[in-house]
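This report refers to the structure that appears directly beneath it.
Note that the chains are named A, B, C and D in the order they appear, and that numbering of residues resets to 1 at the start of each chain.
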């Protein structure tokens, strides 16, 4: 009933507030005998870490993860794996204004209304800081995929495909480019434009939204549990649960609603003894089950709500007022959502792989006649 | 682990294949002492029922629901409510072609690949027939909302806002219009255009996609369980789990990614002692918790995959072939998805209302200072 | 959250009241391609069926089970299996007395107090009639065990080892005897005595309690999910959830508390390349995981609360009164609990087998060095 | 699916190995606004702490608990509460013998067989050290009960009622006595005898079993979710999941199987406008729902398996050998199971109270007409 866990067979439960002593998670269901160390997880946290370019917040979060259980002599034991990150920088400071005022676009008003109390320091539990533990759990999930399907058999990558309404040229898509610019953008020219866009937005005390695309290749056919835990349904939940996400689509997504039936239905031929789809409007899922094609998910991230432009709001005493959200904020939270989207893809796949193995045995198949 | 149930506190589990003897569901967690009869559920099934206009399949499905348990002397007892619909029309017929061939855009190939067996008659478990039980469960969920929040306090309505890429004029939105045309369209002029569009598509052996918008008004502030069972995350899963849905968005949705931070953050003022949001880009959810504003969800439905235009495919023996899906099919499955979307909204709300009451007590609040 | 389902990977949800139109269950998680028909389930229901000897109630319940979904051309498809039994004998009759009075030892007072309403006809949901669906689900679970471990690899048997305080001679234990007397008693002499005991109790308008022992042989080493879903913890829950059960023990059970540490710890030797335990005080479970030895569970069933001796009670208006429970009741409900205990053992094993396969792969092992 | 969590509405997930850097748990579902500090939890941990008398292990475990999240300005916020205990004493030492040999009566052989790897240091995950987190979670659960039902409305107490086969005189039961002897024994004379018994057992390199009785008074009528999550079924699972427990019984328990129907069925009269049961054979539960009477649960704890008497066993290479379990071990693990049993009672009650409130509203009732 409580909502702090994700997944069923591969399951992680997160805890912690932005400015508490630590954040952490417990990862359950990991098969035994998988080599695992902090070094397997840390690189993903480093990708998400703020302060890596002038386009993300300049806060210092080392985000150094520690494994506290579930690993013995370098390998998983099948028991729960506790991960923890100590919060380095919790200077006592004056939170006066946000303690009482509800920041528009933030969860201040709803946490207050629901619980009657909120840890307002840095957003408390509703802070995007929580996503660090998603990324950590995602690192473990990738190890599970590697262990069960073969090292590198599944690749999970993501990039920013739109910022402030400016989309990439999909023909220019270059995965390597993602690591070369501060926006995780697969199109070098778009990345160049976005630098200017973001500088302008910041100068105006504004912020920008973005669209993230996550692609998983090498996913075996057969993952997904119809009719309510369809693979795409769980992916939709996974992505929509990330802070600031307002929309999710699979494959052609909303554009599919504009296609004709004959254009949308991916035809099939045989190639090398396997079924080969001629297109991938489905985004790798049919009837809630993976087809073996690339799994393609996109999600929309709203513009950062913490902005320097004054906004009208009310305080908890019912007084009308204004607020300016000072401090070190990402002008586009969509950027750092990229590794989070990858992580959520990884945990959904690990979960469904174990669930599939439980009921059916094996680890899914290739798209072929049988 | 199995994926046939939805919800936690208000929970329903469905079963049944398109051409089996019956379909049904078990609804659990319903509070006791709620007046309930088949007549409370049947009207919603009738909305979804095929054959009501020439724009939906001419199959005859009476879809007559029976309550088999959980109700005593006209009121719920708190024990599980079994609902059942007998399948009237299961003539033995020749399924030869679809028994062996994988229809493009359908789950044939993935069910076969995952399970190694599939009930191909009418799509079996992957048939949209399953959605009848969602609608039935939704009827019970509405009674729960009425019982706990006051009769009619929450209204859940939906309409088709786009068909074949042709969108409505939102300024012309008239809820009453939804019941006056065969498309559940809130814009009379758009509905008029769509008749022609759909006739043309059918004539060409093609089909059209659509976008459905579901709006819940009167939802109290406070529903949703961060950070993984956020209200919007569960709504995304609920809608994406409906057959043929490829995208889900909340409030401004994907368009939010194109707004500036100051335009997207809904400002607040006081009105009548309550907090009044000046806009609703958030679609009624902040931080995964309902704000008390209208809850606005849209989802994209792909064009019907069963079309008369021949498509290339393969059969289960690995032979390349073609297929034409004959039979009585909806040229736009998005139409009949409208009552299904409403139902999924109702079950998500009933579930979160009970979950909220469990942890916090009460049934949520209004948006006000406290 | 609702409590009508049992199991996680192999999961069944039951519904129905004693005197409603039907009772049923939905069995989820069953692997595909298992041959399954009503004839696989009916024999277990027949064992539990009343009226088979003069020692059980003379009610006529045909308990004819029907499979409504999840099976295609004689084999499971991996989708939910709906089972249903129509209630044949629901003559309208006068329930006046039990409608208002709370029968001592029954759930009348607690259902009334909890829900504010109760279906008093035959005990409604709290009737032992519900256990028929446990037995049906158990029949499916046995097929799963056979399918995954080999036909007959696991044998699940149970017997009555004590009635009215009169225990069997364990040295006389003969499994075949269980089918030869109306008490499922493995000791012929005890069975002979019990006939007299039960006749005497009935003549006095009284009833007797009993102890059931369930033994599963051939269970592979490795089933159980520490530390909360230990195999023995789930067995304890499974058995305690059966109507009228007041105690559960594993292996030596309560007697273990009277043994010395050296007598209780089962020593190990090698035999045929496998580990052989010299004793089985543990009852086949160590640390919540099966050892490969016979799994031994006993549970205590209280004497039937429906008796002809007048008992003091109160009615729902707060008036003191007396009650005599007329009708056709089992003088010892423990007898018919025997097939129910077997069924619960089967479902726990099927559930843990699938859960084990999900996380670890394979179907458990033998007790050997590796 | 993984088995590291207990409860549904009030839910806790534990992690950690005996000799790892720390152990911990995440407690979810706690209502907001409850005053909570480490000082509310520590006293229960201190009761369980070893080394308090010469009758428990002399290991030094400070077991100092820290709250890492979910509490703000001294009150719960409704978000997950992370509790952690750092393991002070993890000297590197030679585990050679138990690293390879399977200790009889321990989980060594089953963890090895199931997972193919085990953290043998101090028993790893299977160590009774894990129960410290049950006790910690129980401390939080008690606060929930106090908050929702009134401070002190529910009292949960436990005592040892039998050791090494020597039972207490129930007529001499004095709750205050429990705190006055090192055995949590409510009978002073029995406690005096047990000192001698235990000294003798230890001198012989042996160990003793015990029976614990847990009593909860003030539990409102109505808690429990039939038919699978009955209150007694969940209590049975809760207690059976504690290390070394081999049997659980409710109320008269196994003795109920020896009573006549008229002696066992607790009669009812009115007293002060409420229903008063004349006896409590049921142990406070009817049909899986609390009656409002004292909830009485007993569980059997096997004698410590770690003994100084040499036992025959095998090692992981399949060699027959002997083992003597040296080190500082409790000669009767039943003693320290007393606060653990109380804790499990508390978490079951908190869980069912929240579940009840979710479906029914309110916090249960008194036993009265309505």
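We adopt the following convention: contacts are C-beta pairs under 8 Å (C-beta built on N, C-alpha and C of every residue); 3 or more make two chains touch, one makes a residue touch a chain.
Please read all numbers here as calculations on a predicted model, not as lab measurements.
Asker: Please report the minimal path length, in steps, between chain B and chain C on the chain touch graph.
Answerer: The fewest steps needed to get from chain B to chain C is 1.
Asker: Which of these, A-C, B-C or C-D, makes the same contacts as B-D in over half of the contact pairs?
Answerer: A-C
Asker: Out of A-C and A-D, which chain pair has the most contact pairs?
Answerer: If we tally the C-beta pairs in contact for A-C and A-D, the bigger total goes to A-D.
Asker: Just curious, how far off is chain B from chain A if you go by their C-alpha centres, in Å?
Answerer: 26
Asker: So, what's the distance in Å between the C-alpha centres of chain C and chain A?
Answerer: Each chain's C-alpha centroid was found; their separation is 45 Å.
Asker: What is the distance, in whole Å, between the centres of chain A and chain D, each centre taken as the mean of its C-alpha atoms?
Answerer: Chain centres of chain A and chain D, defined by C-alpha means, are spaced 39 Å apart.
Asker: Can you list the residues of chain B that touch 2 or more other chains?
Answerer: 1-2, 4-5, 8-9, 14, 29, 32, 78-79, 114-116, 125, 226, 354-355, 358-360
Asker: Give every residue of chain D touching chain B within the complex, in rising order.
Answerer: It is residues 1, 9, 29-32, 78-79, 226, 354-355, 357-361 of chain D that touch chain B.
Asker: State the interface residues of chain B toward chain A in the complex, per the touch definition above.
Answerer: That would be residues 1-6, 8-9, 14, 102-107, 109-116, 125-126, 130, 162, 164-165, 201, 205-211, 221-230, 232-241, 243, 246-254, 256-262, 264-270, 273, 275, 278, 281-283, 285-292, 300-307, 309, 311-320, 334, 355-356, 358-360, 364-365, 367-370 of chain B.
Asker: Can you list the chain C residues touching chain B in their complex?
Answerer: 1-2, 4-5, 8-9, 11, 13-17, 20-24, 26, 28-29, 32-33, 66, 68-70, 72, 75-82, 114-119, 124-125, 354-355, 358
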